[in-house]
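Labels run A, B, C, D and E following the written order; every chain starts at residue 1.
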């Protein structure tokens, strides 16, 4: 087991716990940057897609994993980010301004929406946000003059200092753009986690009473969490728009909201890794199944909806196997290796566990 | 000495139950003031009134010249009032260190933007918070548990962590709800020294609820005995312990 | 007259939502788990009945097929708990939410496989015939759905309030460990409630299918039933019925009197409106914690 | 050389809905197409090339559809797209197909944008919703001397096209639009909207609803005793199950579409054989969309034949534009030409009678 | 002639990778009161949880009246006649006091007797009678503790596992509760296993005592003899020479370490 000898307060504050993990992440980033030369356009497109979902996952993770507020309506904020970015660009703003502006606008609107929503807990919040996601569809239609209603909008070509970026024309550049955004969002997320705000989020999640007694303003903290979450989600939404090329009222449906929540739970609530792991499962697994099906039973459609059905079954197995999400399993495997050869075989056998009501607030 | 906390004619009812009944008392700066009384006498409710979790039906609560009733629950901590809970309310999915750091929340002076970028100011502040917290950890001998999750800690340690969290906020008034319940004799003795040091070395005023009369008489300057939400007796520990009404309602004949 | 017609149809309509809502409120009340597949259970119940009774499937008489389907769904619900959910015992409720969402995918897939994706109509005696009282028309299915829903809500409410088992179920949802200490077989109790809610889903499915056609995506209706349950106060049985009725009644009035483009958003707008004023629904099941 | 073509194989792709809300359309269509391709392959392929048909399920979600395109274009390198479902999905796809000149054939969307510029690589099988409503409303207005035309729709591209066409044809007939109502795909009670339309005095109502909903609407109207109104469905609701609802609930419902109902011709040789073959192969009754899928695949096979051994996108376009044949299965003349990329120009109008669709007019 | 009702053999229990009980063996004779003392985190609660089936031991056996019950589902253990009054109250917060008590009698069906026992509990704790329709979650800490104990009595157990029953109770009530326990033990012959921080009252009541330390039993003897032990006196009873800990950093070393 690696033991960190803490010699200064800096130690806990640092971005990476030790040099080893710094090296691992540095290597990861180098590989990520070089990826377009390593894999073909198909896989590059898939990786890009996974990264976009991971960014969206980070957004929802901030709210659900860190602050404990489950939202089933984040597709609405994807839509908001997407539409506002495209509209800003149509108004002539360069991408480098329009994109962050879209994030900020989504964050602000998210905060405003949060004001009534923060009094809600658990399932009430989940269903209220779900209603929001359903209404978003209609609101886009009703706001036809701005959103172009059911006909939708086309994503313009991104231009950064004369470099044109387009998902299909220049998939590698688009990938790098997404990668940069993903890294920035991860850094911001990590920074918030290691500062007072991040701890306030966790405090609100674990015990509202004692958070209050410690001087944390519950509503304000939740609203801020909502805001940051929506801002990151908005950025992901904008990228999703560029990825699809077209957005309509049907693009960001309730199914997307549900998928997002599913993603972070399967990845592992409350961790940055979880958002990325979850994105791989949710965004790439269906594609993987489609590839697998071809090699196993050949092309064509032997059984309609097979991929979705199998996808559902695999998700069920994932949850049964590891209710704490993939990140939970990842940690266990790491601990196992670190303890090697002293780990017991049944070290992680699940001990019986019991729940108490969540109806007390 | 001046009164730090003043409660006047406070009354609170839950349906038909009068939990606090026209209660008046005050806590002087620098003293240890204990509240004792039978189960259900309204002791925790008094704490909850001070924490602003409940609104009193009548009466006033003043802290160092501030009317607490003008404030929201989260603004109470800003004045320098910290508390622990009878049933332990910690942040279960965080480590001991993080729990204590949350105690520092009222000293936060950075904003969202600075924190998102982790500017040097945030870094400086974080260091300062950690220094303060490490002092508390040293004081309460919590080093072995620093990076442990709360969820797996024994009851007694959690009690101490909760005390630490309250201390980390650097309060002027500390409210302790049954600090020694569930602690062994040895740990209760530690608690006694800690409370003594908190008052003497840190100059923090302590208001506590406790059933362990040994601890109460060992550390407190004054004791208030409560029954059915109203004052039964008030005075030095010895006076209260020998009060027949208190013996009858609370201590029992067997108590020495 | 028109208003009366709208009201009466709205009530019948709302009872369907109420009936689905009843299904997950039951589960919530006894386990605090949220079943996102309840709508799909309903769809499955409807299809099983259809498979048993429709002429080009098995052709059993409706009054044999319906109870049989209800029984099958009850068994399926129990088995689901036994083989799947029990492995998540004591795990966080989000895990169950995700599991039931995924389960919905699987149920839809299986239903599509067996009964295809084209809409089909249940050959139900309830589907035929109307009742006309002074110009207000109600289909037989509507009448049935109202009667059944009201009766079921009443009996289930009594069950939870009055019987030992009902009390034990509530206890099991509030503190699983303490329930075990009392000798309550918590897991078996949970299995029973999943079975019961499977049966309720089948009843809802039969009545729903009697009102129109069904296809494997009919379970999406569950979303609106969620809105209904939340308006009522998640976990309250009368609340589920009440929320269902409110959503049901608002719909026809909104379509009648609101302009096109706005009418269809009425139920969800109402939901948000209710939650702004009563964050935990009309019959709140949430308490503040005493510290 | 052209992607998706080798000496032994030609690859077609499809981004379809096999599990979502339009699976009732997508699944039989894909089945039908596979049936035709299997026949062609069994007969040795076309010019020695086997036809491979790769279908990606999008569950009616745009993000999934984009993944499907990524796979089909970047990995399978398809020669052409066939029967892709969903208007926004198809439109999103055009951005990728157009630059490479990859043909998009017979999309399962009757939106007018399916033939948006450039049309070189786009081929649609039959009339658009727009045309169907135009023809249908004119027919019903003429037949029944209607005064008030109304519309019920889901606010989506599909609904909007039908609603706008209704408004357009109403205006051109010199009539007023009596009323309109909008709906969610999960709505199940239509008493409110029908009361509204009834009080507006509607004579003809065009519908752009889900299949299940269409059935309920017609049934509810009858229940409310409103019998002197004509409902008009489009090809999206022109399905056997709609006609087969027990108790004659849907009797009198009109639908305008681009083909003639399959079962009304079950007695004829070709349709009869198709119904039997389909049942034998998939153990399910064939549906109108199965027929469409088969027919679209048939068109592709014919075009491949006509294109000759040297298959490129150009030779394929020339071949498509040369097609002109009578399709017995769908009972329609299919004709493409330069500048005419719509196969069937005819609009058919049918009505439900005795549990089946009866053709009443074709124009 | 004594009869062993509960025989614990070499139990090991884990929380994930953490070993909380490291091979504990002990015996409880019929009609005895056995107390387990130990510092915080020694594993006392874990031991009781392992007996009542709330946790599964990884090794070892729990034998109750000759049958192995380790790893059994907890409700079956209750069915054997073992009741566990847990640490930290664990009432059903949204149910009323009355309903909580009724659930205590869940395994019983003798209506008249149940009502009698309910009256008995109300007799012991009159405040509960007063609050019979109050939701248990809103009771004060001590009232909840009374309810938890009362609820345990409603089960009419053969053996009671009591985890810190005096937690949060007023001195008067502590005396009363121990009087009640004594009466149950003497009059009704209920066997008891008692975990207590309040060692004095526990040893007063108990026949036999065990001392646990980091998951192991380090000492066992009759209660009387334990009371005389120097270690017990200074660590658990708080007897000490005046001023021994006047300088607080100094602690007496435990001899068993």
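One rule holds in what follows: a contact is a pair of C-beta atoms (placed from the backbone, for glycine too) under 8 Å apart; a residue touches a chain by one contact, two chains touch by 3 or more.
These figures come from a predicted structure and were not determined experimentally.
Participant: Going by the touch criterion stated earlier, list every chain that contacts chain A and also contacts chain C.
Facilitator: Looking at chain C and chain A together, the chains touching each of them are B, D, E.
Participant: Looking at A-D and A-E, which pair shares more C-beta contacts?
Facilitator: A-D
Participant: Could you tell me which chain lies farthest from chain B when each chain's centre is the average position of its Cα atoms?
Facilitator: Computed centres place D farthest from chain B.
Participant: Taking each chain's centre as the mean position of its Cα atoms, how many Å separate chain C from chain D?
Facilitator: Whole-Å distance between the two chain centres: 35.
Participant: How many angstrom lie between the CA centroids of chain B and chain C, rounded to a whole number?
Facilitator: The separation of the two C-alpha centroids amounts to 48 Å.
Participant: So how far apart, in whole Å, are chain B and chain E when each is placed at the average of its C-alpha atoms?
Facilitator: That pair's centroid distance is 28 Å.
Participant: How many angstrom between the C-alpha centroids of chain B and chain A?
Facilitator: 40
Participant: Among all residues of chain C, which ones touch two or more of the remaining chains?
Facilitator: Chain C, residues with two or more chain partners: 105, 108-109, 112, 117, 174-175, 177, 180, 223, 261-262, 264, 285, 287, 289, 291.
Participant: Give the residues of chain E that touch two or more other chains, as numbers and ranges in rising order.
Facilitator: Correct list: 15, 54, 93-94, 137-139.
Participant: Enumerate the residues of chain D that touch no fewer than two other chains.
Facilitator: Where chain D meets two or more other chains at a single residue, that happens at 19, 23, 26-27, 155.
Participant: What are all the chain pairs that meet the touch criterion?
Facilitator: A-B, A-C, A-D, A-E, B-C, B-E, C-D, C-E
Participant: If we count contacts the way the header does, which residues on chain A are in touch with chain C in the complex?
Facilitator: For chain A paired with chain C, touching residues are 70, 116, 119-121, 123-124, 127-128, 130-132, 134-135, 138, 141-142, 209, 254, 258, 261-262, 265-266, 269, 303-306, 308-309, 311-313, 315-316, 319-320, 323-324, 352-361.
Participant: Considering the complex alone, what residue numbers of chain D touch chain C?
Facilitator: Against chain C, the touching part of chain D is residues 19-21, 23-24, 26-28, 155, 180-193, 195-196, 199, 211-213, 215-216, 219, 223-225, 239-242, 244-247, 249, 284, 287.
Participant: Okay, in this complex, where on chain B does chain C touch?
Facilitator: For this pair, the touching residues of chain B are 44, 48, 53, 85-87, 89.
Participant: So in the complex, which bits of chain A are touching chain E?
Facilitator: Going by the criterion above, the answer is residues 335, 339, 343-344, 346-348, 351-352, 354, 357, 359-360.
Participant: Flag every residue of chain C that touches chain E in the complex, lowest number first.
Facilitator: 164, 167-168, 170-171, 174-175, 177-187, 285, 287, 289-290
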